[in-house]
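Dropping the structures in below, format is structure tokens.
In what comes next, chain A is part of two complexes: it sits with chain B in the first one and with chain C in the second one.
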Partner chain A sequence: MQFLLTLRDWMRPMLALTRKELTQLWRDRVLLLFLVYAFTVDIYLAGSGVTLQVSHARTVISNADHGVAARELTGRLVEPTFRVDAQAHTQAQALAELDRGGAMLALDIPPRFSADLAAGRQTTIGLWADTSNSVQGFMAASYITRVVSRFGIETGLSQALGQGAGVAAGSLPTVDNRIRAWYNPNQDDAWFMSLSQLLNIITVFAILLPAAAAVREKERGTVEQLLVSPLSPVQILLPKVLAMGGAILLAILLSLGFVLWPIFDVPCRGSLGLFFGLSALYVFSTAGLGLFIATVARNQAQVGMLTILLLAPMLFLSGAWTPPEAMPPWLAHAMVISPLHHFMDIAFGVMLKGQTAAALLRPIATLSVIGCLLFGFGLYRFRRQFG
Partner chain B sequence: MTEGGKQPVVEARGFRKRYGAQRAVDGLDLTIHAGEIFGLIGPDGAGKSSFMKAVAGVLQFDGGSLSVFGTAIDSDAAAESIKDRIGLMPQGLGQNLYPDLSIEENVDFFARLRLVPQAEAEARKERLFAITRLGKFRARPMKQLSGGMKQKLGLVCTLIHAPLLIVLDEPTTGVDPVSRRDFWAILAELLQETGATALVSTAYLDEASRFDRVLLLHEGRALAAGEPSSLSAAQSGTVLTLHDLQSDEALQLARQFGYLEPRGRDWRLFLAGLNAEAAQAAITTLLGRTVQTRASEPELEDAFIALVGAPPAAPPVVVAQAHGAEPVIEARHLTRRFGDFVAVDDANFRVLPGEVFGLLGANGAGKTTAIKMLNGILPPSSGEGWVAGADMKRAGRAIKARIGYMSQAFSLYTDLTAIENIQLYASIYGLSRQQARERARWIVDMAGLAGFEDALAASLPMGLRQRLALGCALVHSPRVLFLDEPTSGVDPLGRRRFWDILFRLAREEGVAVLVTTHYMSEAERCDKLALMFAGRVVAEGTPASLKQALAARRGKLLALEVEAPRQALVQLQSAGVDASLHGRRLHCFVADPAAEAPRLCQLLASAGLAARALGELPASMEDVFVALMTELEAT
Partner chain C sequence: MNLQRITAYAYKEWREIARDRLFFSLAFVVPPLLMLLFGVGLSLDVEHIPFVVIDQDHSQYSRDYAARYSSGPYFNLLGQLDHPDRLDTLMASGTVRAALIIPAGFGARLAAGKPTEVQTLIDGTFPSRALTTKGYLDAINAQANLDGLAKLLAQRSGLTEDAARQRLTPVKLAVRYRYNEAVLSLWSIVPKLLMVILMISPPFLTSIGVVREKESGAIFNLYASNLSRGEYLLGKLAPYVAISFLNAWVLWLMALWVFGVPFRGSLAFFALASGVYVLCTTGIGLLVSIATRSQVAAMIVTAIVTVVPAVLYSGVLIPVPSLGPTGQLIAHALPAMYYTEIAVGCFLKGSGMADLWPQLLVLAGYAAALFTAGFLLMSKRPKV
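And then the complex of A and B:
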């Protein structure tokens, strides 16, 4: 009983401070607008605008052959993957187009291409890809390579069998590769993009909001007013995390309800409650970083800059762009400390795979440990700064 | 100073400026003549900055006319055409300077910006450095300068292109009295040398005597204008300082004369329209006994309050019996180091319950650091700070709940309403709902917040905001109250009301009040004072005892009125007289004012300067402060 009374006395100021934070946020219309924009429009843009697949790759062809086989090959470069809207007369012209940025791929078909094939001789074609954007260039190059090599195999087979191209492929002992795309059967990029953008935005605000709220107190000098009161540092800082965490969870709901579900049809195969519970855990973990920033920064502008500084490696190490297996070993190990990496596993696990808490035990446990460490560190810095 | 048919430098007729629905300046007429120092005096928000920015051509205005150097400022082109003849020093210490550049780099930058030919700039720079004594620090980065030095550097940068009109917006705000005096002397010297005209604003009413002519600005309107001496003289009357009043006598006096100001254990009373004898007679008649009094001239602050029209004052706080002899605040060898820098150095002082204790000192003297150690925000490096019987280093929650603290700049949540602020602090200090309601009622009543309960704190006028901050610091009825510069920027009426509340708390409830201030008129009100210099407490005592010590050390003050004050000052100082300039008057420290007056007048007369002795002047706390500081800086 005595303990409960003490707990009530301990909680009451914190509830008052939490309410204060929410009131302040509510009255800060600019910040509020930014929050709503980021959780709706920004995620919509990411989901509908960004795709990792190569589409409409502009291709320029210099065809010196004009034979049947050349027409057959170029006819296979079709929309939406390729867009052949430029014909060059010479190889030099095609390469100039590549230099100019007018095309991403240049295909050079030599004279006698069709004739050589028809005569059963080996022949070559030239292929150039603009890989200044390495991902897109690499993918475009591999797509066109696939098209060309398939054309080559089919032409070779039909020659060998003395039949028309591509007709009897099924009668040969080939491997039929049947892919089952799980969790995202249509391989819809919008699912991945919108969901990972939501996680990024959550990260931004989970750092930014508590940091800004704490630094605002420093800027206006109200923090001293709190420090002379009988409140402990935990009682001063926890309300900021509670209030801002609550606001972020609400914004997540907004994002799911107005963007992810209705527009992109992203499913929630697991428990929505579990998703929100684990989002709360993540927001709490990341808020520790925000509190750390608040002890370093002197004003709101510095909070903004430090947030960007911390955010860059967090996003990079999250695994959204590169899976850990593809990273150099030391970076792959570094990913363990990135809370976003674990939250990605959790969010995709719950939303798309329908995983349960038991299945996600490992990332949940890691995230909890990281969260406690970060929050403890933020608190330690605050204590040290304000004794 | 004379018109002589010459064109005025600045002429404003019906000048108006508004921000949204708020009228910053509402119909201002003024004329500034060539060569004069014109003072714009008023509290924060009176409209000073708006007018000054318009004169400098950097702010558009809404109505009336304004001409500078005979050019009507009615378009951007017109404003541009006069800018090369104007130097503007914006408000805020060192606001127009670059912190990472050295003194010299700052000056050079402004010279190049203003396209001053190199040779001319070099010569002028050396001259300005010589007058401001900044030359030997020329390589020091601006951010490492003291407040007074930043202010002087700002002045040098403003003057480097030899403007004909300089506009200085509150150059002395936040600067200690010594640096302020220094600044006025330098400004006067520079203006005399260059023949430039100056428009200067200040929030300190007691600086009015520094100007040739002044205009009192209040809520965007002119209250009065003219020569400083004529302003306070226009409000004829006498100020009496009374000792040993019984509490019923104090009540009686207040009922009769409106407002009785407690000053430590003394009382200060302004009697309008009466000369010294009539005033003393009136007191004797009213009280039916002869009270020990001292008469003096009214100050501009009295005139200001009379002009604004003071609301009926609350009954004065009657002198209560001592609330105990055990100190509730005690600094014991309190020391705080930041790296090599010693912010507070072995400070010792004690404050009794029911006592108002003033901590004075220049910026960076260690006042704020001392307060932060005493209320437990900052651990001391050595020594102890005892509050309410506990060492603050080990103080628990229980002690913290007995302390009230109001930090610099009234730290309120400006985006919360007045009542939300109060409720928040009530919850923080664990008051029950019932208690919180009662205290909120008390605070609203005490601070005069009725009708403003649901207004955002940001929208409150300065005085109200300050009293709301005090209310929040008092929500839990603390026994000890720390106030760090609680009245900067508040108008005289607001300050008067604030101090009445402090005295009520101290006298009636026995709260121990420790307050720091830059206003020397407020220092006079304290029961006891401690003066800090470079982290050390260099003097401690009642205002009266500190003044006595000054008289013993330096002598008494003799006021002289002279025709050409600046030349006269040079004359006297070269004759070895301890003199300082106060507008058209000179203050001299002499052993015996009555005996020395004829000799000094003669000394000036022989140099062809007409002078008149005004007799002995009671030393003010500012005199005490400046005298002590200059003595310490000399050692």
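And then the complex of A and C:
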């Protein structure tokens, strides 16, 4: 009983401070408007505007042959992977188009292509791929390679064995590799993009809001007022995290309810309660990072610069935009310290893979440890600065 | 416009920045540090994909076929599984990203000259990784089929296996990769990193500038002074532009010396374009600072309008033509895309003013528009 009373006395000023923070947030209309914008419109834009697959790769063909075989081959470059909307008369013209950035691929079919093919002579066609974007250029070129090699096999077989010699596709000992993508069978980019954008936005707010709320007091000098009040550092700092965390969780709900579910049909295969609980854990951990920044910085300009120093690598390298497999191993391992890295596993695990808390024990445990360490360190520094 | 007043104000702003030791050092430390991190880490070249084989056929055919996948650098064979039941947990935890299932009867069908199927399950959570994996799988399977068919043709027509293979590949494709001959991810990414970092750092530097004075009340000095709006904005912007321009040079040197990327274009043009681009990005920060009322709001708005679009809508990871209609609209509305074209053109394609003047023109227009918007939004007699 005595304990409960003490707890109540301990909680009461914190609740009052939390309310104060919320009122302050509520009155900053520009910020509030932007919070809503970021969690709805911005996520919608990312989900609807971005496709990672090679689509409509602009291809320019300079065809010096005009035979049937050449037409047959170029006819196989079809939408949605390729878009052949430019015909060049010479190879030089095609390359100029590539230089101009008007095309990503230039295919050059030599004169006598059809004749050589009919005579059974090997012939060479040229492909130039713009690889200033290496992945896309490489991928588009490999698509064409596949189209050409299939064309070659079919032509070669029908010539060598004659049309009637059992060339029909069903009677050759070939292996068909059926590839199935789990968790996102239609390879819907919107699922991935909208969800990862949501995680990015959460991160931005979860670091900046508490950090700024804490440093603001230092900058204005109101921290002196708080320090002479009968409040411990925990009671001063925790309300900021509670208020901002609550606002962020509400915004997540807004985002799921108005964008992710109705517009992009992102499934929630796991437990929604689990997702929210773990989002709260993530916001808390990341807020710890914000409080740490707040103890280092003296004014909000410093908060800004410190934030990008930590935020940009977190967003770029946690696996939202580049898979960990593509990073050098030491860096992939180093990203273990990024809370976002673990939250990505958690969020995608719960939403797309339908994982349970037991299956996600490792990322959850790591995230909790990181959160407690950051929070503890932030408190320690705050106490030392003002104790 | 009085030049003396502008320089006086710029000097005041400069001193304010330089005296904040931490802020001043961060202004120069952050861009190179991000360049190093992203240059090393931002890559999409997926290799060593963790992979398991579930061979239910146990024939020489199936063993040979499966071995094709693990022989290259693309897949990292973790082992054989007897049953697909454990696959669920392995895939969910990310221990395994791809699994090849060879059904019973695989070898028998091939030996009888009949077509057959195998199945590969891949982790589709990350679409670009799934796509690359798919590309590798298709290429390896195609090679296996070509080898099989060449053997068959050799038997039926009496050709040697090499001759048969030649008959099956009558069309040779000579692929040449342009601008980035070795298809080095680094070469393609580093010039774009200049764009990304100059899109992130300068707006953050600038975004606090005006709103800080609003919050602290120091802005009343301006209201009471004879400094005009234009002079104030120019003076405010000057030190941030100078710092960011200097950073652009540091990043350029890093691209050449640290990452070994060639620079083939005109340096004078690139310097000019970088100057105009930095004017645009600091301008974004300034505009945000004028439009917001609190420093928190300014920082958050800056983070969301710069950090994310710098990657998504600028052609770093996804080329602009592949974006959807809304994505393309945003890409065209931001300066990043134009500077990406300039940076890639100058570094890799050897272009200069002759090819890239339209992009430069757009950037210059953008800078002018930002400044005008800031000028109009700024008021020396605010309503509140």
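Please note the rule applied: the second predicted complex is superposed on the first by the 377 of 387 C-alpha atoms of A that agree within 3 Å, B and C clash if a C-alpha of one lies under 4 Å from a C-alpha of the other, contacts with A are read in each partner's own complex, and residues count from 1 in each chain.
In this text, contacts are C-beta pairs under 8 Å (C-beta built on N, C-alpha and C of every residue); 3 or more make two chains touch, one makes a residue touch a chain.
Computed from a predicted model, the values in this text were never measured in an experiment.
Colleague: Identify the partner contact of A:225: answer first if only chain B is touched, second if only chain C is, both if each is, neither if none is.
Modeller: The answer is first: A:225 touches chain B but not chain C.
Colleague: Once the structures are superposed on A, label A:99 by its partner contacts, choosing first (chain B), second (chain C), both or neither.
Modeller: In the superposed model, A:99 contacts chain C only, not chain B.
Colleague: Is A:144 in contact with chain B, with chain C, with both, or with neither (first, second, both, neither)?
Modeller: After superposing on A, A:144 lies in contact with chain C but is clear of chain B.
Colleague: According to the stated criteria, A:380 is in contact with first (chain B), second (chain C), both, or neither; which is it?
Modeller: neither
Colleague: According to the stated criteria, A:258 is in contact with first (chain B), second (chain C), both, or neither; which is it?
Modeller: After superposition on chain A, A:258 lies in contact with neither partner.
Colleague: Applying the document's definition of touch, where does A:13 land relative to chain B and chain C: first, second, both, or neither?
Modeller: In the superposed model, A:13 contacts chain B only, not chain C.
Colleague: In this superposed model, does chain C or chain B come into contact with more residues of chain A?
Modeller: The partner that reaches more residues of chain A in the superposed model: C.
Colleague: Is A:42 touching anything from chain B or chain C once the two structures are fitted on A? First, second, both or neither.
Modeller: The answer is second: A:42 touches chain C but not chain B.
Colleague: Contact-wise, after the overlay, does A:31 reach chain B, chain C, both or neither (first, second, both, neither)?
Modeller: After superposing on A, A:31 lies in contact with chain C but is clear of chain B.
Colleague: Can you list the residues of chain A that meet both chain B and chain C?
Modeller: 28
Colleague: Report the residues of chain A in contact with chain B in the complex, numbered from low to high.
Modeller: Interface residues on chain A, with respect to chain B: 9, 12-13, 15-17, 20, 23-24, 27-28, 220-222, 224-231, 386-387.
Colleague: Spell out the part of chain B that touches chain A in their complex, as residue ranges.
Modeller: 372, 375-379, 397-398, 400-401, 403, 405, 407-409, 411-416, 420, 423-425, 427-430, 472-473
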